[in-house]
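Structure record follows, encoded as structure tokens.
So that you can tell them apart, the chains are marked A, B, C and D in the order they are listed, and the count of residues begins at 1 in each.
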Amino acid sequence: MRAAIAGASGYAGGELLRLLLSHPEIEIGALTAGSSAGSPLGAHQPHLAPLADRILGDTTADTLAGHDIVFLALPHGRSAVVAAELGEDTLVVDCGADFRLTDPVAWDRFYGGTHAGTWPYGLPELPGQRDRLRATRRIAVPGCYPTAVTLALFPAFAAGLAGPDVVVVAATGTSGAGKSLKPNLLGSEVMGSVSAYGVGGVHRHIPEMEQNLSPLAGEPVKVSFTPMLAPMSRGILATCTAPVRPGTTAQVLREAYETATKDEPFLRLLPEGVWPATSMTLGANTAALQVTLDERAGRVVAVIAIDNLTKGTAGGAIQSANLALGLPEELGLPLNGVAP
Amino acid sequence: MRAAIAGASGYAGGELLRLLLSHPEIEIGALTAGSSAGSPLGAHQPHLAPLADRILGDTTADTLAGHDIVFLALPHGRSAVVAAELGEDTLVVDCGADFRLTDPVAWDRFYGGTHAGTWPYGLPELPGQRDRLRATRRIAVPGCYPTAVTLALFPAFAAGLAGPDVVVVAATGTSGAGKSLKPNLLGSEVMGSVSAYGVGGVHRHIPEMEQNLSPLAGEPVKVSFTPMLAPMSRGILATCTAPVRPGTTAQVLREAYETATKDEPFLRLLPEGVWPATSMTLGANTAALQVTLDERAGRVVAVIAIDNLTKGTAGGAIQSANLALGLPEELGLPLNGVAP
Amino acid sequence: MRAAIAGASGYAGGELLRLLLSHPEIEIGALTAGSSAGSPLGAHQPHLAPLADRILGDTTADTLAGHDIVFLALPHGRSAVVAAELGEDTLVVDCGADFRLTDPVAWDRFYGGTHAGTWPYGLPELPGQRDRLRATRRIAVPGCYPTAVTLALFPAFAAGLAGPDVVVVAATGTSGAGKSLKPNLLGSEVMGSVSAYGVGGVHRHIPEMEQNLSPLAGEPVKVSFTPMLAPMSRGILATCTAPVRPGTTAQVLREAYETATKDEPFLRLLPEGVWPATSMTLGANTAALQVTLDERAGRVVAVIAIDNLTKGTAGGAIQSANLALGLPEELGLPLNGVAP
Amino acid sequence: MRAAIAGASGYAGGELLRLLLSHPEIEIGALTAGSSAGSPLGAHQPHLAPLADRILGDTTADTLAGHDIVFLALPHGRSAVVAAELGEDTLVVDCGADFRLTDPVAWDRFYGGTHAGTWPYGLPELPGQRDRLRATRRIAVPGCYPTAVTLALFPAFAAGLAGPDVVVVAATGTSGAGKSLKPNLLGSEVMGSVSAYGVGGVHRHIPEMEQNLSPLAGEPVKVSFTPMLAPMSRGILATCTAPVRPGTTAQVLREAYETATKDEPFLRLLPEGVWPATSMTLGANTAALQVTLDERAGRVVAVIAIDNLTKGTAGGAIQSANLALGLPEELGLPLNGVAP
């Protein structure tokens, strides 16, 4: 099977290519870009030696046509335009936000403008989601933060152990902001410094988190979400807390997480007392997870580490694509991080 | 006035010395250490050129005697022993935990063993605290996290705008863990990685935060606190949230913070829309602060950046010492960070 | 084929395991350690999820017996002792220094004590070396710096374009120093700082560099070598200069490098004008290389980036082992770095 | 005395302001910028709390007029234009390159175009230079690399111990590249990576190094110079080597450095066996220096650490300005680094 990658010059595109180079069933086809079209991939992804001389094409339906799979790693709003011209038989996997939300009102509030629609949500670990992904030609890859937060809290909500007043604070590496040339993303600014941004209920990933967790909670979940930029390229560490339901013991909580994760190839519940570090998952499609009950404060505290570019974007995209293609879900996806 | 520093080979001791070297009214006297006694300071603090040849003495009452001020930067439990032998007229400033807590039960629960007592708490910004510090010869310097969290939330609690279900997640640089030779503090482990630790209501700074905020709240405040280790040497960025009291508007909240900070020399409420970064305060005694109302989630969100070694330890210690010595509170304390 | 790894708790051991987990022909057998014996691998290598529960054995001949391959990742001096007890049919691959040098005098000067002997040197790219590696059961894996420096300069010396007054300055990530608990390796010390060490002709890797280059030069090469510790976990960037032979043009120099690298699977001569960055090779067995002629100064300047743990240690070890095992040289070795 | 700063929004401008805020004899006057004119300084230098509300003016002769001192921190080529309109009695201190070189041919070769002229060179440690600086109203602040390299090697050349075939490799923090929005300066690219640039005798600072060292050597010195970008914001660590003159012993070399540095307030020759780290000098005007004789390779090896923004730019500028103003040379300049 051949895959085209639209947006191959960016960080998400680069990670898709890195993973696909090791994928035994997917061959890399057309690579396209926006303003970088016409230049060799090596100028943008110097770590991808085998593809260094491939020339980037324009992101047009013509260039993307004739592939079994098209991965879209495009700025928000572009995916819908490009996807509309792709054939129904093509598996289209959108790493952007265009088709993630089900609620047009939430779309308008957080993104603005007209909602493009909703595609099956590419988070196989969400209860019931695997079957939907096996039967689709269109996949909306979750945002990196919603991936982390949903995976950290779904076991608690699915088991009825947590209440809806969720507070999440997450640190991310700078690659989450993409390659945009902004002063605050310069190395001189980010090294040696942690900073907050998008505070106060305005981050676009919030409705996505609430959309994932509310059905499991059986009531509207509200997420207070604060992201931080940390001095590292990759990785998300999310601390996710929710009020514990009365009567829940630490043992019941632990069992709920063991049950929810034991058959999941990419969810790794750490031994008790071991807390996640993003280095555990660098370059891997694995999520490292731990949970505890803070009895004094009456809250479930779940902490999760993922690589924002791998499990949080490109790895998650390939994992869902594997399902849609009838391949083993784990195919071509690294379980091990690169450390130290 | 002459000051002795006990624990001069560690990170807190080094920061005390760096600041005292620029203090116009305090002269540096004896420097003492534990296992490093007998070696030159330059072997431990190579950045302090003018003191490189000073030899470290033993941390004994004899060595520390004859100074107007004694700063203790010692492991938890050692301060009480050393302080017991120092004269009542000497200003003793303890950067450790021994005398911070008022509640022996909390002490026993979080630290274990017998409570050494309670000294005036060295956080001048806490309402009413300046007068206590002007009249004492004993000061308990706050913990770095409680400094950050208390400064971030006291305006909201003092104005009656926040409820007691506080959730705090804070990232710290590795110097907060001191110079201890643990594998998880090696550069190879911490660079490129954010990790959680002390999760679930077990961190020793929690009772101190609650002790500071509860009187302002007029009811017992419970803090769910999760610390993270970030890949930087210095700095704390704390995201502090609490349920907003019904009827509180964004404007009322802003005004409460403006009122609480406008006469404080070291509290800097940032312009609206600007969020703190630890680089703003590196090496400075300044706290950079911002607040907003998350109306969707119904929570006050305050974010604060401090340098854990400066405002969070050594700078805070000198600020309080200035008060006790009848000097201008700001004397010898940098307002500006070193950036980029 | 089954491989035992002695020293599995260290950084070199961890990288061997990470790579072997993806190797299609080598199965992971016994894992041994020194003081960490008896503990699970997950306590030391938390990024290697599939091996987390494997218990470390003692590093004894008994534990290592019965494997087709034994990788030794032990402190200097230990390999010789362990290797003496391993069967002649076992492929023994030593990542340490014990068997690298041919000259007992150089050994005594730089390491001290009695020379254990000399094994075939595991640098397949060195002219003539592949055949030696195909016919051996004992391999001495090169040091990380000699790997970088030799690969950067052998094309110039092999083509007779460079003189023997070599000056090399190389920056390394902290993992090159291993997991040793030294204050100068703490994150607080290394982040935000570059430092020099082992300056002035005393670094143990110097005789190894000279041993590699002198035969190609046809005269004794002298290397002035200065290593630096850089604030990153992995990677070596070495700037290697030598006087250019009279009459050498930039074009001749370029062609020599093209010739020397064009059939090498892991040597990547970058396009002209592009200079190496260690991020190009993070986690990969690739060396990224560039060369130029500084006509003003009359020197060849070659710059090379490798991952010290991959091509510089564990990847290089597996590459040579593949040859000795009659497997394709590239088997199981990543060509792509993990970036950004 | 009042000082205007042209280019106050950049890194050099920010460091000038940070230092001047602590200078007892210089008051901060007009702040100007290019495209940032009209915005508050706080938007560009958020660490400079006391100046946050100062509005940036245009960089014109009118705005800069009426000050005793004008510091120029402008892009190459702009200084000459601005300086031409400033009064002869004004002390003009140019942090740019326009007036550093004496040789118009070198200027044309490395910078291109017409040479603006030559001003007294602001490196007081260079033999004979202090007197020239005391008598001038125009100062050309050295480049950051030439500052480091000249200070590292002048003692050897002044004592006749080194030959002219100099090889220098230096690592710099990213602030040396300024605030330019280039992809290779993004945090995601620079963190965890060391990269080479400007290799092969093309870096613009080379003629400046040769201009400083050749008169001391009594013959033309040729510098092979390779800069590297390291993952830190600030700091230069330069390894500087030159062939040792026959008969020079380690003791003679050491004595030459002791003699050359003993009366220099900002040159710190470290104790034997201690090698520089950039963290020793972060934010300080100090250069930390060490030297040794590599007898095997026959080279002097001097390693130096400076803060590129402090001693390498803004601190050096103020040091020279102090001399020109008849003030104590050390006034307002920190001797201590901020560490860890």
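Keep in mind that, in the parts below, a residue touches a chain if its C-beta (ideal position, glycine included) is under 8 Å from a C-beta of that chain, and two chains touch if they have at least 3 such contacts.
Quick caveat, the model's predicted, so the values are computed rather than measured.
Chains that count as touching both chain A and chain B, per the definition above, are C, D. When each chain is reduced to the average of its Cα atoms, D sits farthest from chain A.
Copies chain B and chain C of the same chain sequence form an interface built mainly from equivalent positions, shared numbers / all numbers used being over half.
Chain C has its Cα centroid 35 Å from the Cα centroid of chain A.
Computed centre separation for the pair chain A/chain D is 45 angstrom, with centres defined by C-alpha atoms. Residue positions 11, 175, 186, 188-189, 191-192, 231-234, 277, 279, 282, 339-340 of chain B are each in touch with at least two other chains. Interface residues of chain D, counted against chain A in their complex, comprise 11, 173-175, 177, 179, 181-183, 185-192, 231-233. Across the complex, chain B is touched by residues 165, 167, 169, 171, 186, 188-189, 191-197, 199-201, 206, 222-224, 226, 228, 230-235, 237, 239, 241, 243, 275-279, 282, 290, 292-299, 301, 303, 305, 339-340 of chain A. Only residues 11, 14, 18, 21-22, 42, 45-50, 52, 175, 191-192, 233-234, 268, 270-271, 274, 277, 279-284, 286, 288, 334-340 of chain B touch chain D when the two sit together in their complex.
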